[in-house]
Amino acid sequence: MAELESLAALCEALLAVAGEPVRVETLAEVAGMGTSAEDIEAALNLVGERHRQPGSGLMLERVGGGYRLATRPEHEGALRAFLGVQARSRLSQAALETLAIVAYRQPVTLPEINFLRGVNSAGVMRTLIERRLVRVAGRKQVVGTPLLYRTTSEFLTHFGIADLSELPDPEGPGEEPGGGLVAG
Amino acid sequence: MGTTAALSDDQAPRPAVALPAFEGPLDLLLHLVRENRVSIWDIPIATICDQFHATLERMAELDLEIAGEYLVYAAWLLAIKSRMLLPRPADDEEDPRRELVERLAEYEKVKAAAALLAGLDEMRRGVMGLRVAVEQREPEDLPLAEIDLLTLAEAMRGVMERYRREHPAALELEPLRHTVEEKMRALYDLISRQRAFPLLSHLLTRPDRLEAVTWLLAGLELVRLGVAEAHQRSHFAEIFVTATGRALPEEVTSRG
Amino acid sequence: MAELESLAALCEALLAVAGEPVRVETLAEVAGMGTSAEDIEAALNLVGERHRQPGSGLMLERVGGGYRLATRPEHEGALRAFLGVQARSRLSQAALETLAIVAYRQPVTLPEINFLRGVNSAGVMRTLIERRLVRVAGRKQVVGTPLLYRTTSEFLTHFGIADLSELPDPEGPGEEPGGGLVAG
């Protein structure tokens, strides 16, 4: 138990200074000396538990392919006032649609996105790249070699998703494929 | 495009019309399908086509920029409408609406996914990462009595490693080919033989900037030692160096 | 007690994002609504107590006229090692510029790069070679026969392109918009 606690302390310290999500394997590597991924998961469990108790202003979250420590949403106002930063601007509908296509179909090209949305999305794509939610991941080996786009790890952290396999299913549960999507 | 728009008061005999914001022609089509309470899998194409064109006309009346994207779809809808009017020769003939329906179905999925992301975006607006400082462990003071030769050597190794880290050796410094003392002796020889030596011309004709600097330093040093005097009539004019008669100090003549 | 706990949580969150010591008066001001310095001290007491328990990797410190959250001295070695590894997985702006020059002007010599960047880029070049993004490709047949540098095949793999002709035009608009609006 004492060992688990000291591993938890180390993990908490690492996550506090990392500034980005840290992978379990990286944590195990830094802990060294035969620390397994299971040991780390157990230690992180302890960290998460401690931060679920009242009096903690932090929380452990599994995002962007790893774990990170973050502040709680309820403190947003006070933290923004303190840091003097403006509220994050909301993503426009166009940006959300384009981002959704990239997220669910990656890697994907701009012509493919334009086709799906029915409108030219070049300007929106630039915004998403500037916000570091989307990145170029090479070129598609077809005529014109258009750029291929993917979401970034910043995208995962932004939306609180551990990895791409955890993207929520937009079709929702219990709907027959190709079934009648009745408008209403 | 297609932001909510209303007519201003002074030119409004008509009631003010507000159009919802559309993300594009597919968005408008989905909106019309919903308003008509029909399935996208069985679109009454004639009705939808007419409503699509009517909306476009209203958007144009409101002076909104109608992007080519809407016009492309307007034309496509008309083409489908006219094909629907023709009697279909055989049962296996493809439904002219098929591709449009597929596009709408795909776009509906995109919108659903976008709505999910919007929800997540909203939920996580207040979450921030941390910036916690790393506390340094103070290097422990070592008792002087315990500092031995190995500790000393280890400390020196650390210093050299840090020096090498901070001074990449990839750019090699040229070996010093010129020394001030050597040039002092040479300049002393020159002014001993020549009444006035034109130092500036000499500097400007050196092929190597380092060498020129060394000559200049040598000249200044001779003047400082009282061995030579420098004369210049005006700025940028020739600098003549003359001997004062005092001999070069022994420490300069002896070294080298 | 519940109020004290929620004030403690807020203080912890503020200290966790501040990055520097925060004064008690500042904390009281951000907490607002008649929060006194004594309230803050009591809340900080709670924060400090929680972090003195085993399993915590952070500690509350009184420094420079305020309080801050910091990691524990015994973790310094592991944290430095971790931050070192993390740093090695990034490219500095200098390295990025140098890599760009090699990519677009190859084969290119160090003096040419130094000339372009206005600073000596020898150290940065070593980093790029260690990361296997750049390689030596012979010597230029001019005075001094300086080494010539080229990008590697790992460079192509990293950026997802088949060959150098697929590098985007640095002066260009990125990607020609349009295309793909209607079925092909």
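For clarity, chains are labelled A, B and C in written order, and residue numbers in each chain start from 1.
Heads up, the rule we're going with is that contacts are C-beta pairs under 8 Å (C-beta built on N, C-alpha and C of every residue); 3 or more make two chains touch, one makes a residue touch a chain.
Keep in mind that what you see is a predicted model, and the values were worked out from it rather than measured.
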Hey, which chain is the most central one here, using CA centres?
C
Report the chain whose mean Cα position is at the greatest distance from that of chain A.
B
Per the centroid of Cα atoms for each chain, what is the distance between chain A and chain B, given in Å?
24
Can you check how far apart chain A and chain C are, centre to centre, with Cα atoms defining each centre and the answer in Å?
18
Scan chain B for residues touching two or more other chains and write them down.
69, 73, 103, 128-134
Which residues belonging to chain C are in contact with no fewer than two other chains?
16-18, 58, 69, 71-72, 75, 79, 83, 181-183
Per the contact definition, I'd like the list of chain C residues that touch chain B in the complex.
16-20, 58-59, 61, 68-77, 79-80, 83, 110, 120, 122-123, 125-126, 181-183
Which positions of chain A touch chain B when the two form their complex?
13, 15-17, 19-20, 58, 61, 68-77, 79, 87-88, 90-91, 93-94, 96-97, 99-101, 103-104, 116-120, 157-161, 168, 170-172, 180-184
Help me check something: in the complex, which residues belonging to chain A touch chain C?
2, 5-6, 8-14, 16-18, 26, 30-32, 46-47, 50, 54-58, 69, 71-72, 75, 78-79, 81-83, 110-115, 118-120, 122-123, 126, 136-139, 141, 145-148
Of all residues in chain B, which touch chain C in the complex?
69, 72-73, 76, 99, 103, 128-138, 168, 170-171
In the complex, chain B touches chain A at residues 21, 23-27, 30, 33-34, 37-41, 67, 69, 73, 103, 105-118, 120-134
